[in-house]
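What follows is a pair of complexes built around chain A, which joins chain B in one and chain C in the other.
On to the complex of A and B.
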């Protein structure tokens, strides 16, 4: 038994090649990012060490703070609008018998499609003339509501957020549904006997019982909001006038449009640190409120 | 009384249908628009096509190399996914079934680190790395990063499954004279096959859909993958909606087909993966 489960050679064959690729293409870039963030570098010449200059620059860079606020907007939209909607729809879906599988499969479908296709489809929906949204508004007589959704500073970010929700809401609904169906029947029946039915049952029984999956959903939406890059690049490229820029797309622009790789890497480091910070704050709130309810 | 019960049964459906419509309509629109010409799309975006016109598909396949990009996506997606699975199975087996507790903890910890890092923040150093290794503008520029990004979650899912396999099966294998590789190949892999299928699909869909790296690490048009091609196509011919929607339909069909065939497994895999991750 021991010779089989402690076979140095076999262990090395199993672990070394895979870890070599992972370390080279995941961990090495991570440390390089830290290193480059302390330099001034145009991507071609040798990087010049400048200490924390790039991080100091962030403090006074208004465009960066617009992108930072958009990330916050993204997080708040996910936490206070998208997640409650997900829970509401999941509870409703869990109460039906007919078409249950149909609902589940349909809402899930957008999450497996490419962001590229979805971005292009929604660009058409938001298009000024032929776009479906404006056509719909004209048909129902709300002509004055029509606008160039993605070309208007006031609506571009919201339009992208709604597209992102369209893509991911169903994924989370399926996640929450799985948790609802995993609640032991006896628990719900006991609750019903005590008079908890309908919305009362949902609020007092179901939601507290699926708390762990709600926590996961919130955490995934928060980190998802911090990660957002492809959908912005595809739909608005951060425009108009930087109004839909997020930190990741601003970083992208600094590197590939402005060739300021040092500054771009500093933003990358800030994204990582800030995501970790958000996750920590979230964890803290989660522990505190759990203690309070127990 | 009967009536009241009917209403109560119907109410949730009435509530769900607008949402279902919002989810389905854009997809339905893409498919119908792909069979219309431009005037038809502008004048009657909501209706079904007058005739099922396949001209847009013919155009997309002959004039714009969509077929070629499809092959590129398939090649990169399959090679990266198969490699991810081979390497991840090896790691998962080594850390869960072999007795090297210290190194295994270290390996697992390094993989867990990936959960803390948003992939977007690795993009720029990765770009530099790909250039330094001379991989820029080769399929390997995508294959290696896809493997590296796929390994952690694949290992977590596989390791969770492998832990549940009873030790007795391996002991029986040893009595039958199998060595380490024999046990992995003859006993562990056949048992893990359903889980492997699930993680294969998840990795493949991720790779098939990936945009940012595919857009950045390849500039040669010949090597483009479908997501990049579609966005480029939309930027270039943003008025030719027929051809564009045909291209989109071609790119989403494989994923929808896989989904139709293996929906349950995909849903289980995705939800299990994210709960554990």
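On to the complex of A and C.
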């Protein structure tokens, strides 16, 4: 095998195809996007160079900042509500002895459905008249709580966030559960003998021991929140009046509804930079807190 | 031994890449699979050739339209020796906004394709992708046979031919009107009192689904109202700067919409419903009126409808303005042809136009698909749906037709009006502010297009 490593041709045979794919489908589009972001282009006629105009436009575009804030809600909701909920449920389910497989299967089910189906199912749940949620509220006498969930500025974004969590919570629970079951029994038993039981055990033993998986879950939730597009397009199309728009759906609208591909590319560049920045900040916090606990 | 192993690995990889390449080397396969090839000659018979025809009749409700197209295709194939059409059905929004747009950018559009008039036709013709049809129409003797080709005409050249047309107005439920003691309104005041009577009976006066991405639904009503109040010239001046959105007619329109929302004449759930849901509320008898285009006839006469025999139609009532008597109507969707077609393909295009755009097919369009013909001269309407006949009468009695405002303004203005009207429906903006925002967007769009 050493011979292969020393043979440059063999290297080329293995590396070149992957490099070609990487360059064609990643680097070229990335640089093209950068190039188009400096132009005014309707997607058909020749692009006209406009310098940094598109980026300057972003700064004063209120609708873009609404979508930016919505992405932030998405991230904060994932990190501070969804992930703690996932850990809580995983710890509870891990101590269940009977029907464990049943619980696992039930919570995992939504993540195998396509986002399109989930969007449509939840649209029915949120429907104003025949919707399950409003009907339920009426049945238990809370008629004044009924809302036009997806058509009201105050509730549309929250309704989408809940649907998105419903879809992905099960997937992460199964991930965290696997990590909990991988903790050596001896460790937990030793902890119990030292007096760590119940929530104490969870807080002092289980959570620190599954930390790497929690970090992965957080990272996946953040990048997932930044990428969110399909669920918005299916459920609200950014409506009512742009209040549930996220950056990706706003970019899509600029490109395919308004034919402003130059501006859409500028937004794409900003999304990439911002996601990279967020990942860096997350990495920094992760390293710092790990150092502090060690 | 190690050398042999290395050779073996290289050989396997080479074979795999060679095999992977095979998939895209057969023109016939790729032609059928992606539908974007411009057709080519097969080696066996130089005379035979394929042509892709992109259409949008893929829904169950468009079965009859597809049937007419298929029969035309068969006839054209028998007229042009060697020709085989490859029918490529794509959902209309996907074709219009994504697929055709990408093909146009790359210059790989199919020879025959579904095309929209207005901005689409202008952009594609500027890029030199569309075949000018003036000479072909003259040759076939149908140059003056169409009602209106304005939306497909750029600088005097005709680039597309509409398949059918539409008009917009109020569909109403005769039974519910009778129950409430309301009569068919011919003036705005009569419309308001009809809505009041219906509401007093606990009936939702106007069904509408304008939530999510369907803000355009309320704009149909808004469009007819501001043209009635301000005249058809009003909307023609927005893009040139001759008229403004802050015109008293537009502000008055926004005020009237606000009033209709506050008094709950429009379904209070309007922002929670999409276009088809609003339509369904009308054709299942839950609301008394629906402001929609003539395309709604298929849904209203469809299997799930409970109001098939009780639906009537009236045009937007008179308001005492310069636009009274005009009706929103147009011919904006049809077929375009690639500028790259040559020789045999050009002959096929001519034969297709001759076989598709004729009196026989236009009559079938009216009778079988309940759509308004795009060509003049259909006098015998026996067998047509009663509702489409009423619509035809409304069209016939109108002073004239005006196109939808969105074919006259920039896409940005259209989208802003959708969001602004959703805000008005949600009670989040005042009419004056809404008008100011519209004018600001219009000014920006006008500056960009200079």
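Operating definition for what follows: the second predicted complex is superposed on the first by the 268 of 294 C-alpha atoms of A that agree within 3 Å, B and C clash if a C-alpha of one lies under 4 Å from a C-alpha of the other, contacts with A are read in each partner's own complex, and residues count from 1 in each chain.
The definition used in the following text is that a contact is a pair of C-beta atoms (placed from the backbone, for glycine too) under 8 Å apart; a residue touches a chain by one contact, two chains touch by 3 or more.
Note that the structure is predicted; figures quoted are calculated from it, not measured.
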- Task: Please work out whether A:256 is in contact with chain B alone, chain C alone, both, or neither, and reply first, second, both or neither.
- Result: both
- Among the partners chain B and chain C, which is in contact with a greater number of residues of chain A? B
- Touch check for A:135: first (chain B), second (chain C), both, or neither? first
- Message: Quick check for you: in the superposed arrangement, does A:10 touch first (chain B), second (chain C), both or neither?
- Response: both
- Task: Considering only the touch criterion stated at the top, classify A:196 as touching first (chain B), second (chain C), both, or neither.
- Result: neither
- What is the contact status of A:238 with respect to chain B (first) and chain C (second): first, second, both, or neither? second
- Message: Going by the contact rule set out at the top, does A:223 touch chain B (first), chain C (second), both, or neither?
- Response: first
- Task: State whether A:44 touches chain B only (first), chain C only (second), both chains, or neither.
- Result: second
- Message: By the touch definition at the top of the document, which applies to A:166: first (chain B), second (chain C), both, or neither?
- Response: first
- Message: Quick check for you: in the superposed arrangement, does A:151 touch first (chain B), second (chain C), both or neither?
- Response: second
- Both chain B and chain C touch chain A at residues 1, 4, 7, 10, 13, 17, 43, 129, 256
- Message: Touching residues of chain C toward chain A in the complex: what are they?
- Response: 2-3, 5-6, 9-10, 13, 17, 97-98, 101-102, 104-105, 119, 123-124, 126-127, 129, 211-213, 215, 269-273, 277, 411-412, 415, 419-420, 422-423, 426, 428, 448
- Message: Touching residues of chain A toward chain B in the complex: what are they?
- Response: 1-2, 4-7, 10-11, 13-15, 17-19, 21-30, 32-33, 36, 43, 89, 92-93, 95-96, 98-99, 103-117, 119-125, 129-130, 132, 135, 166, 170-171, 174-175, 178, 213, 216, 220, 223, 226-227, 229-230, 233-234, 248, 251-252, 255-256, 261, 264-265, 268-269, 271-272, 275-276, 279
- Message: Show me the residue ranges of chain A that touch chain C in the complex, using the header's touch definition.
- Response: 1, 3-4, 7, 9-10, 13, 17, 40, 42-45, 126-129, 148-153, 235-242, 253, 256-260
- Query: In their shared complex, at which residues does chain B touch chain A?
  - Reply: 12-13, 15-16, 19-20, 22-24, 26-27, 29-30, 41-42, 45-46, 87-88, 90-91, 93-95, 97-100, 103, 107, 110-111, 113-114, 116-129, 144-145, 147-149, 151-152, 170-171, 174, 178-181, 183, 205, 208-209, 211-212, 215-216, 226-228, 230-231, 234, 238, 241, 244-245, 248, 251-252, 255-256, 259, 263, 266-267, 270-271, 274-275
